[in-house]
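Some structures to go through are shown next.
Common to both upcoming complexes is subunit A, partnered first by subunit B, then by subunit C.
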Partner chain A sequence: MNWALLLPGYLVTGLAFGAFTLDLIVPRLSRTVLVYGGAAVMAAIAVFIILSSDGESSRFAGGILIFDTYSVFFFAVFVILAAVTILGSSQFVSAIDSPGEFVALLMMSAVGAMGMAAAGELITAYISLELLSFSLYILASYTWKERRTNEAGMKYILLGAIASAFLLLGITYIYGLTGDTRYDQVASGLSALSPSPGLIIALAMLTAGLGFKVAAVPFHMWTPDVYEGAPIPITAYLAAASKAAGFALLIRLVAVALEPVALFWDWVFILLAVLSMMLGNLVAILQSNLKRLMAYSSIGQVGYLLLGIAALGADDPTKPIAGMLLHSVSYAASTMVAFMVLLAVWQQTGKEGVRDMAGLARRNPFLALALTGALFSLAGFPFFVGFVSKFYLFTVVATAGARFLVPVGIAIFASLISLYYYLNIVRQMYIEQPEDGAEAIRVSRTMWLLILGLLLAIVAGGLYVRPLAEAAESAAASILAGA
Partner chain B sequence: MDALALQHYLLLSAGLFAVGLVGVLAKRNVVVILMSIELMLNGVNVALVAFSRYSPVDELAGHIFAIFIITVAAAEVAIGLAILLTIFARRNTVDAAEINLLK
Partner chain C sequence: MQAFDGLITLIVFLPVIGAAAVAIAGREQMLVRRIALGAMILDLLLATYAWLSYSANGPIVEQLGQYGTDPWIPGVNASYLLNIDGLSMPLVFLTVLLGVVAVLGSWHVKERVREYHVWLLLLLTGVQGVFVAGDLLLFFLFWEVELVPMYFLIAMWGSGHREYSAMKFVLYTLFGSAFMLVGVLALRFAIGSFDMSAMTLAGQEDTLRVAFLGLDAIFLMFLAAFAIKLPVWPLHTWLPDAHTDAPTAVSVLLAGVLLKMGGYGLIRINVGMFPGEMEQWAPLLVILSVVSVLYGAAVVFRQTDLKRLVAYSSVSHMGLVLLGVASLGAVSVTGAALQMFAHGTITGLLFLVVGIIYENAHTRHIPDLGGLISRMPVVGAVFVFAGLASLGLPLLSGFAAELMVFLGSFDAYPWQTAFAVLGIVLTAGYILWTVERVLLGPLKERWQSVKDASPADFVAMALLVLPIIIVGVYPALVADVFRDTVTLLVGGG
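Up next is the complex of A and B:
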C-alpha cells in the first residue's frame, strides 16, 4: 500500500485536529491566528495538491480510494472552498464560543468531501459522505441559541439520516446483486445481470439517497429550511462545497460502477433534472428571504447538472463529465460571491430579505457590483464564468443524443425564468431607494479582498476559460481511463 | 441452515426497514423518530450480513460494512440528540410538529 497517496487527506485532517487541540489548550485563542492561519495553511495545501499531481492514476488498497486527475481536481476545489469559507467567517467566529471547533469542523467536512471524490468503493464512499454530512449537521446548527438555527439543524439531521438509510439499502442491494462493493467489480457484476425488481429497488434507493444529498426535486424539502436557518457562512459552504461533493460522488459512481445500467436508468435522471430546474426556478420567484431564494436557485442549478449525469450513458461520457465539473466549479464560485455579499450586509444590518437590498448601490457600490456580477454569472450572462460553463454543459448534453434536446430546451427556458428573480434583486439594489435612515454598509478589509478575488475569478473564468476547461477535461478522461 | 434461506433474512430486513419507516412518518416525538431511524439501519444491517453469509465466495465486505454502519449510526444519534437538547432547552418540547418556525 502506498500510504504517501493519502498525504493530502492526512494534512487536512491533521490541521483539523490541530485546530481542535488549540481550542482546548488556549481558551482565548487569537481568532486572527485561527482564521488567517487556518485559511493560509488550507490554501498552501491546495497549492501542494495541485503541484504534486503527476497526472497518473493510482489505486490505494486495491481501489478503495482512487487518486487520479479527477480526485486532484476536486481535492483542490474542496480545500479552496473550505479556505474561502474560513476566511469569510473571520467576523462570524468572533461571535461564537469555540471558534477553533468551528474551523476544525469545516476542515473535517473538506476531508469527507475529498473522500467522496476519491472513493472507488461503496463503503468508503458512504463513510466519506457521512463524515461530510455529520460535520455539516453540527455546523448548520452552530449558533444554536437562535431558534431558527437549531430547528434547521434538527430538520437537516432527521431528513439526512432517513436519506442515508435509503442510500444504504440501495448500496446493500447493489452489493447483494453483484457480490462486491468496488466500483469496477460492481460494473462487471451489473453487466452480467438483466433488469430485475431487485436491481430497480437498488437503483431507486441509491437515486433517492444521493438525490437528497445534492437536493434534487422531489428530495429537496430540507434545502430551503436549512439554508435559511443555518449561519450564512455555512449556507454558503452548503451551497457550494456540499453540492459539489455530492456530484463528485455521483459522477464517479454512475460513470464507473453503474455504467452498464446507465442507459436503462437515464430517464430517471432526466426526470429529476427537469423537475429540479423548473420547480427550483419557479418557486424562487416567490421568495422574499434571500437565503431561501438562493436555496431554490441552487435547486435549479442542480437540475442543470443532473442533465449531465443523465448523459453519462452516451457513447462518449467524457464531455458531459467535463461539463459537470466545469459548471459545478463555476456555480460554486458564483454562489460564494453572492453569499459573501449577503454575509457582509447581514453582519451590519442583521437583515437578509430581498427588499433589504434596496438601494445597496448607494449604501455600498462595491457590494452591489459584486452581487450583480455573481447573479449574472448564476443566470448565465456572457463575460462571466457561468455563461461559459452553462453553454458548455448544455452543448455537450444536447449533442449526446436526440432524447436530450427537449430537456436542454427546458433548461434554457428555466434559465430565462431565473433571470427574472436575479434581475429583481439587481433592480432593488440599483433602482429602488434605500430605506430612510439606512446607513452605508462597511466591509472589513478581509471581506473586501475575498469578494474582490472571487469576483475577479468569475470574470477571468468567463473571459479565458481554457485552463479550467482543460483541467476538467483531463479529470473527466482520467475517471474513464481508470475504469 | 437449510431451513432458512437468503429470502427469509431479506424479508426480515425489509420488515424492520418498513417498521422503522412507518415510525419515522407517523411519530411526532423526535426521540422516537431517531429510534425509528436506528431500526431502518438495523434492517439494512440484517440484509448486509445475510448477503455476505450467503455469497458464493467467502465475502467479508458485508460484515465489515455492517460494523461501520453500527458505528456511524451511533455517531448520528449522538449528534441528533445533542441538537434536540438545544431545542428542548429553548422551547421545552420534543414534538416535531411544534418545531415549525421555518417554512
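Up next is the complex of A and C:
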C-alpha cells in the first residue's frame, strides 16, 4: 500500500487536530493566528495538491480510494473553499467560545469531502459522507441558542440521519445484488443483471439518500431552514462545498459503478432535475429572506447539475462530467461571493432580507457591485463564469441525446426565471433608496480582499475559461480511464 | 487602406475602456463627459477607418484560435471570431455615430453622471458586438449583455413608470432570447461549431439538418427573438413604454440601433441560414409587416405624448424593414437594410429633438405645446427637417430606403405593398399634424421663456442631419455596401 497517496488528507486532518489541540492548551488563542494561519496553511496545502499532481491514476488499498486527476481537482476545490470559509468567518470566530473547534470542524469536513471525491468503494464513500455531514451538523447549529438555528439544526440532523439510512440500505442492496462494494466490481456485477425489483429498490434508495445530500426536489425540504438558521459562513460552505462534495460522490458513483444501469435510470435523474430547477427557481421568487432565497436558488442549480448526471448514460460521458465539474466550481465561486457580501452586510446591520439591501449601491458601492456580479454569474449572464459553465453544461447535455432537448429547454426557461429574482435584488441595491438613517457599510480589509479576489476570479473565468475547462476535461477523462 | 489586426476588437471594446476610465475619473462631471465623448469620437474615427478599409479590401475578419483545434471555449467549440462585412459595416458605423450623439445628448443629465456614462458606454459595446460577431455563441452573448445597461438606464434615469417599463423591456427580450438560445444550441449540433459562416453556407446549400425539432421550429425560435426586438405587431407593446420612459439619449439609441439588432438578426440568420423556411413563411411575415406599418401609423394619431408618438411611428417604419426582408429579393432586402440605417438617423434625430423640447419645456404633452418655433427656431427647423425625412421626402435618406423596399416587394406582393404604401400617406398626415400642433400656431404664455438648443445639442443634431442628407442624395454610398452581403444571402441579383 502506498501510504504517501494519503498525504493531502493527512495534512488537512493534522491541521484540524492541531487546531483542536491549540484550543485546549491555549485558552485565549489568538484568533488572528487561527484564522489567517489556518487559511494560509490550507491555501498552501491546495497549492501542494495541485503541484504534486502527476496526472496518473493510483489506487489505494485495492481501489477503496482512487487518486486520479478527478480527485486532485476536487481536493483543490474543497481545500480552497474551506480556506475561503475560514477567512470569511474571521469575525464570527471572534464571537464564539471555542474558535479552534469551529475551524477544526471546517477542516474535518473538507477531509470528508475529499474522501467523497476519491472514494472508489461504497462503504468508504458512505463514511466520508458521514464525516462531512457530522461536521456540518455541528457547524450548522453552532449558534444553537438562537431559536431558528436550534430548530434548523435539529431538522438537519434528523432528516440527515434518515437519508443516511436510505443510503446504507441502498448500499446493502447493491452488495446483495453484486457481491461487492468496489465501484468497478459493482459495475461488472450489474452488467450481468437484468432489471429486477431488487435493483430498482437499490437505485431508488441510493437516489433518495444522495438526493437529500445534494438537496434535489423532492428531498430538499431541509435546505431553506438550515440555510436560514446556520451562521452565514457555514451557509456559504453548505451551498458551495457540501453540494460540490455530494456531486463529486454522485458523479463517480454513477459514471463508474452504476454505468451499466445509467440508461435504465436516467429518466429519474431527468425528473429530479426538472422538478428541482422549476420548484427551486419559482419558489425563490417568493422569498423575502436572502438566505432562504439563496437556498431555493441553490436547489435550482442542483437541477441543472442533475441534468449532467442524467446524461452520464450517453456514449461519451466525459463531456457531461466536465460540464458538471465546471459548473459546480463556477457555482461555488459565485455563491461564495454572494454570501460573503451578505455576511459583510449582516455583520454590521444584523439584517439579511431582500429589502434590507435597498440602496446598498450608495451605502457601499463595492459590495453592491460584487453582489451584482455574483448574482449575474449565478443567473448565467454573459461575461461571468456562470454563463460559460452553464452554457457548457447545457450544450454537452443536449448533445448527449434528443431526449435531453426538452429538459434543456426547461432549464433555459428556469434560468430566465432566476434572472428575474436576481434582478430584483439588483434593483433593490441600485434603484431603491436606502432607509432613513441607514449608514455606510464598512468592510474589513480581509473581507474586501477576499470578495475582490473571488469577483475577479468569476470575471476572469467568464472571459477566458479555457484553463479551467481543460482541467475539468482531463479530470473527467481520468475517472473513465481508471474504471 | 489595410485593416490592422485587432481593429474590430478595438472598435467594439473602446467604449468599455472609456467606461473604465469614466469609472475611475472621480466626481468631476465635465471630465466624465469629456472622457466618454473622447472615447466615442475616437471610436467614430476608427469606424470610418474600418469603412475605408472595407471599401478598399473587402470584409475584415478577426479570430483568436481556431474551431476544433484551438477553440476559445473547449468542449463547446466556440471561438472568438469577429467579422465586418457589408451588412455589418454601416450598422457598426451607425452605432458609433449614435454613440457620439448619445453622449452629447446626455449633456443635461445631472444625476449620478458617472454611473450613467458607464452604462451608456457598456450598452454601445454590447450592440456593436451583435453586429460584428461571427460566432453564434458570441452573437448570443452580446445580444444578452446589452440588456443590463439598458435596464439600468431606463430604470434609474428614466421618467414616468420607468421601473415598470425597464422590467417589461427586459422580460420581453429575455423571453425572445430564451427561444433563441434553443435555436443557437440546435444549430451548434447541426454544424459542430458556432461558426456562423459555416451555418450560412450549410443553409444556402440546403444541407442544414436539425435533429428532433426540425428546421421550421428552429427558424421560428430565431424569428420570435428578432420579431420581439424589431418589433413586429403584435409583439411591439414593450416599445412604446420603454421609449416613453427612457432618457433622451437612451431613446435615441433604442430607436437608432437596438431595434436594428432585430432586423440584422432577421437578415443574417433567418434569411441567411434558413432560406427555404424563410420562403415558406414569407407570406405570413409580409402580412404582419403590413399590419405593423398601418397599425403603427394609425395609433400615432391617438398619441398625446410626443415620445410615444415617435415610438409608434418607429413600429410603423420597422414594419417596412420586415416587408423588405420578407419579400426576399436582393433589392428589397437591401432596401430593408438601408431603411434600418436611415431610420436609425431619422428617428434618432426625432427623439433627440423631442428630448430637447422636453428638457426646455418640461412637458411632452402635445396639447400643452404650440407655437414653439418662434422661441426655438433651430430646434423647430430640425424638427421639421426630421419630420420631412421621416415621411419620405425625396433627396433625404428615408425616401431612398422606402423606394427600394417598395420597388423590391411590389413584384412579389403587389397588393400587400399597395397597402403598405398607404402607411406613407398616414405618416405624412401625422407628421404634418404634429408639426402644426407643436411648432406652429400662437405661442402660449408659459413658453415665452423657453430656450433653444444648447451647443452640445446643436452638434448632436448636426451629426444626424448630415448623414440624412448625404445618404438621401447619394444612397449608393450605403446601399452598395449592404448589397455586397445581401446578394450573397438572398442569392441572385
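By definition in this document, the second predicted complex is superposed on the first by the 483 of 483 C-alpha atoms of A that agree within 3 Å, B and C clash if a C-alpha of one lies under 4 Å from a C-alpha of the other, contacts with A are read in each partner's own complex, and residues count from 1 in each chain.
As a working rule, contacts are C-beta pairs under 8 Å (C-beta built on N, C-alpha and C of every residue); 3 or more make two chains touch, one makes a residue touch a chain.
Worth saying up front: this structure is predicted, and the values here are computed from it rather than measured.
Enquirer: Kindly say whether there is room for both subunit B and subunit C on subunit A in the superposition, answering fit or clash.
Expert: fit
Enquirer: In the superposed arrangement, which partner chain does A:Ser141 touch: subunit B (first), subunit C (second), both, or neither?
Expert: first
Enquirer: With the two complexes superposed on chain A, say which partner A:Asp54 touches: subunit B (first), subunit C (second), both, or neither.
Expert: Neither partner.
Enquirer: Return first, second, both or neither, reflecting whether A:Pro382 touches subunit B, subunit C, both chains, or no partner chain.
Expert: second
Enquirer: After the superposition on A, what does A:Gly176 contact: first (subunit B), second (subunit C), both or neither?
Expert: First partner only, subunit B.
Enquirer: Which angle, to the nearest 10 degrees, do you get at the Cα centre of subunit A between the Cα centres of subunit B and subunit C?
Expert: For this superposition the angle at subunit A equals 140 degrees.
Enquirer: If you stack the two complexes on chain A, which partner ends up touching A:Ala152: first (subunit B), second (subunit C), both, or neither?
Expert: A:Ala152 sits against subunit B, while subunit C stays out of touch.
Enquirer: For A:Glu435, is the partner it touches subunit B (first), subunit C (second), both, or none of the two (neither)?
Expert: Neither subunit B nor subunit C is touched by A:Glu435.
Enquirer: For A:Leu168, select first, second, both or neither according to whether it touches subunit B, subunit C, the two together, or no partner.
Expert: A:Leu168 contacts subunit B only, not subunit C.
Enquirer: Please give the nearest C-alpha separation between subunit B and subunit C in the three-chain superposition, to the whole Å.
Expert: Checking C-alpha atoms only, subunit B sits 30 Å from subunit C at its nearest point.
Enquirer: Would you tell me which residues of subunit B are touching subunit A in their complex?
Expert: So the residues of subunit B touching subunit A come out as 17, 20, 24, 30, 33-34, 37, 40-41, 43-44, 47-48, 51, 55-57, 59, 61-62, 64-65, 68-69, 72, 75-76, 79-80, 83-84, 86-87, 90-91, 96, 99-103.
Enquirer: Applying the document's contact rule, which stretches of subunit A touch subunit C when the two form their complex?
Expert: Spelled out, the residues of subunit A in touch with subunit C are 319, 322-323, 376, 381-383, 387-388, 391-392, 394-396, 398-399, 402, 405, 408-409, 412-413, 416, 419-420, 423, 427, 430-431, 464-466, 469-470, 473.
Enquirer: Which residues, counting only subunit C, touch subunit A once they are in their complex?
Expert: Residues 72-76, 137, 140-142, 144-145, 148, 151-152, 155-156, 163, 167, 170-171, 174-175, 178, 181-182, 185-186, 188-189, 211-213 of subunit C touch subunit A in their complex.
Enquirer: Spell out the part of subunit A that touches subunit B in their complex, as residue ranges.
Expert: So the residues of subunit A touching subunit B come out as 122-123, 126-127, 130, 134, 137-138, 141, 144-145, 147-148, 150-155, 157-158, 161-162, 164-165, 168-169, 171-173, 175-176, 179-181, 224-225, 228-229.
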